[in-house]
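First the structure, then my questions, so here it is.
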Amino acid sequence: MVDLTVRVGPTVLKSPLLLASGTCGFGREVAEYEDLFVIGGICTKGLTLMPRLGNEGCRTAETPSGMLNSVGLQNPGVHAFLRDELPNMRSFGTKIIVNVAGHDTDDYFRMAQILGDPSVPVDVIELNLSCPNVKEGCMTFGASEEGVYQIVKGVREYTDKPVWVKLTPNVTSITETALAAENAGAGAVVLINTLLGMAIDIKSRRPVLQNNTGGLSGPAIKPIALRMIAECDQVLHIPIIGCGGIASAKDVIEFMIAGASAVQIGTMSLLHPGICEKITNDLICYAESESIERLSDLTGTLLRW
Amino acid sequence: MKKEYRIPLLSNVAVGSATHVLTFRSKEIAAAANPGQFVNVSSDLFLKRPFGVLDTDPEAGTFSIGVRRIGAGTGYICDAVPGTFFEVLGPLGNGFVFDQTKRIIAIGGGTGIFPLRFALKRARELGIPSLSLNGFRSKSDIILLSSFEEVADQVRISTDAGDFGTKGNVVNLLSELTKEEMKDAILMTVGPEIMMKNVAKWADGAGLFCQVSLEKRMACGIGACLVCVCKVKAEAEGEPFRHVRCCKEGPVFAASEVIW
Amino acid sequence: MVDLTVRVGPTVLKSPLLLASGTCGFGREVAEYEDLFVIGGICTKGLTLMPRLGNEGCRTAETPSGMLNSVGLQNPGVHAFLRDELPNMRSFGTKIIVNVAGHDTDDYFRMAQILGDPSVPVDVIELNLSCPNVKEGCMTFGASEEGVYQIVKGVREYTDKPVWVKLTPNVTSITETALAAENAGAGAVVLINTLLGMAIDIKSRRPVLQNNTGGLSGPAIKPIALRMIAECDQVLHIPIIGCGGIASAKDVIEFMIAGASAVQIGTMSLLHPGICEKITNDLICYAESESIERLSDLTGTLLRW
Amino acid sequence: MKKEYRIPLLSNVAVGSATHVLTFRSKEIAAAANPGQFVNVSSDLFLKRPFGVLDTDPEAGTFSIGVRRIGAGTGYICDAVPGTFFEVLGPLGNGFVFDQTKRIIAIGGGTGIFPLRFALKRARELGIPSLSLNGFRSKSDIILLSSFEEVADQVRISTDAGDFGTKGNVVNLLSELTKEEMKDAILMTVGPEIMMKNVAKWADGAGLFCQVSLEKRMACGIGACLVCVCKVKAEAEGEPFRHVRCCKEGPVFAASEVIW
């Protein structure tokens, strides 16, 4: 039987499949549909230091093969998370990746200090430098090399836990921000967060989303994610976690071939809870029919023309 | 473990000009659904569409929904032929609460009447007296009248045009209620937001407990993505309000909680 | 009856509908399906100074609600175009927008000189600073303010004809490159060209496209195009031509509300030749039912939240 | 003016394990299609799929295609039930040339046999003697044999497995031809690229004119986008080669032009 285990630096995941931040809350709901014990890990909804109510009004719009969201980081704050959610999450028996977002560099450092403490049972800190739906912080940092470098470097001083850096695709050169993350000590980069988009209601002549813009996710963005991963795979020395529109085992294989050590499933797991089980089964079938012993052998095997 | 079902459409009956009643086979949903809960149904578009459960037949293992043609998604669903397979999640959310209910007044408008039909049926099963008040634009828009008469003790209709029942909207029907009819009654209302808001206001004035079923754009329908939140009153001090999930904590809320 | 005429600076178009560059060749094929006389104009396949054979091997891949292409600017060169295609194009009775691409700044200047000559019957020069499928030039220029400014400024010296600048969405800030175009004297900006993407064949572990990457077009990118147009509409003083995934009259209206004076239809006209006629009819119906007298009144009417 | 047709599927018949013959109603396509031309057919995916025309019935106003199940697009098409509507462009491209043809040898493999069936039918109508050589993997893969026997003067089969006809591939069939049979013959070949390449090589050796039908990924199918180009010999000096559109200048080319 194929070995689904993958490594992301020091972190060993039971499977390359992770649930993406913001699309599985803190796992409670998806746990009713999916055996989380067999997946690689679960990324929490983006946490901030203080609780956030998120954006008001309409938060989603449907688009061709995708959706826009502008949740705006609604979350209970890091302290309530530790108290009310983490113990339950630990019971899933899978890796817990905590997605953190800040207004300013200090926010990131303080959260890294809290979550990075060895006594706090979280496995990985995922720095969200890419949320397009809040006015301050986040994507602003992720859009420049300096922003990424500064935050990752700072965070590294507060924790020895693996730090993954989730980057925004809304940049001219993804390799530059990815390299900045690597140089600052990131354990891995996560590619990609959502692309900034808009939907318009022609009746009211208003943006459908009350935040005016939102993040585009789903299969529509898959070709962009694949390209960015393949680009980064040529220059990075740290692992890449792929994300963006993954809907099938075939997609997972494409992302791994492009350079991903593991992948995150977001929108399609939202729309089809239980999808990880199906993808896992299909990955096993594929590996058996292709006589692949370790799925991780696929990573970065792209043959360029 | 819960799952996304892939189930066939058994029948699709047009009721009124732009509304269809669709019946699906699903033992599980038929057995589990409660009035006010909804199902999230696929179409040929990207996101599923939420619809309140209209009826269930646990013995036959079927359930039905009423669908008004609005845009492309409901268009696809209304045009589907029996035998077509759909991906369906459900039953989802929290429905109406019937505990300690002595008398029910169900107030519906638009597509809101569908979940109320199920609530009235349940009330009948529970032996709770019920009164159904439905508002329509005009006589020719009235649908499912006999179906409501089957399950409600009394059915009253208002039409904006005044060509059937009371002229005006459902609040006019409410204001015609006798003391007797109002006594100990619990209100359940589903319909356009403005209607529910007015019903809630009326209920507040009348000192009656009122449950409303809110509608928000949804993605997952299971509480995982937070795109469907409703604004409700704060619990803790200092909080201006709370954002709760329409699909998980709702869609039915106590009207007194809702910030319109 | 509604007035479909729109103005893009000094250029009056019979309708806001243009056929996008590269998706209608030089109009010969589409003229068999579509009455080009009633549309606003037709943008030629990207021309280079010398003929180009384009990329070898597979040039297209299907993606969810979109496609990747890597044609690589196959074209007969500007001289053969003038000799063999322009006379026929003029017979369509609509505006001719010539899309030009260069290896280096000089290429652009020389083509501007040739095409900008008052005796050459082309109406508009569209500078393609955004083709992702050629190794040199094009997108490299369009990705930076300086690149855009330098080329547009230079081209302006060679011609008095309107110069539209077609920008790449593969940038951190579209308003910066758009403003650079405006400041350099562009008559309009065209937003957007394709997003850089990749597709992978898991059997061969190779990119489907022999060029490795390609440009993503079609409805998948529509939300990104809309957002970029709305962003630019807030800062630009020159007109915007919208492009990206337009498939229906509703889409055209959304693009106009967002800020577009006219729109280009690319991929969906490829897949459904004859689509302009349908969209035109639907636009007329819409305008009549909404009592809109001039369709151009829609432009830039977005009500932000 | 040409147009994209929206036409219904009339019948869908499985022929062999993974191959279907689908018949559509379209007076225009039925009247206009020539052998070797193709139609571009929608599915539930983004791009249309190209298929050679297998047969036409101009009187009934119908045409048919043969479809081998390959991936999601052909899967959708093979599973479609009669009554389903498809968007279809066609007939497209340049088909086989019959001018001054004294004798035809049609050499097919895989899905290539479909357009050849139409070419043989046309040859019969034109009174041109014909010989059909089709290669299959094994006896159980042989399809449409009687259909070819209807229209070709002679039909010969090769199977890789050797359990029917000549053992080996179609080139083995070619090498068995007599001088008589080869005399003045024009070859028409459609099938896997490697097969066509070998046939072309053989034809070159034998001094016979050979037409091949190439397959490239397409988007528009009408010549507008240049994604489907084939590499053919240069015309002008200094040109290394030319890129011509499979969908417009092709799909049928003189084998001697093609750079494999």
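Chains: A, B, C and D, in written order; residue numbering restarts at 1 for each.
Simple rule for what comes next: contacts are C-beta pairs under 8 Å (C-beta built on N, C-alpha and C of every residue); 3 or more make two chains touch, one makes a residue touch a chain.
Treat the numbers as computed from the prediction; the structure is a model and nothing was measured.
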Quiz item: Can you list every chain that touches subunit A and also touches subunit B?
Solution: none
Quiz prompt | Distance between the centres, which are taken as Cα means, of subunit D and subunit C, whole angstrom | solution = 36
Exercise. Go ahead and note the Å separation of the Cα centroids belonging to subunit B and subunit C.
Key: 47
Practice problem: For subunit A and subunit C, let me know how many angstrom lie between their CA-based centres, rounded off. | Solution: 34
Quiz item: CA centre of subunit B versus CA centre of subunit D: separation in Å?
Solution: 56
Self-check item: Residues of subunit D whose C-beta touches two or more other chains
Solution: none
Quiz item: Of all residues in subunit A, which are in touch with two or more distinct other chains?
Solution: 61, 63-66, 218
Quiz item: How would one label the connectivity among the chains shown: line, ring, star, complete, or other?
Solution: line
Quiz item: Which pairs of chains touch one another in this structure?
Solution: A-B, A-C, C-D
Self-check item: Of subunit A, residues touching subunit B in the complex
Solution: 22-25, 28-30, 32-35, 45, 53-54, 56, 58-67, 69, 71, 74, 218, 267, 270-274
Practice problem: Spell out the residues on subunit A that touch subunit C in their complex, using ranges where they run on. | Solution: 57, 61, 63-66, 68, 143-144, 170-172, 195-200, 202, 204-207, 209-213, 216, 218-224, 226-227, 230, 245, 250, 253-254, 257-258, 301-305
Quiz item: Where on subunit D is subunit C touching in the complex?
Solution: 1-4, 45-48, 87, 89, 216-220, 222-229, 231, 240-243, 248
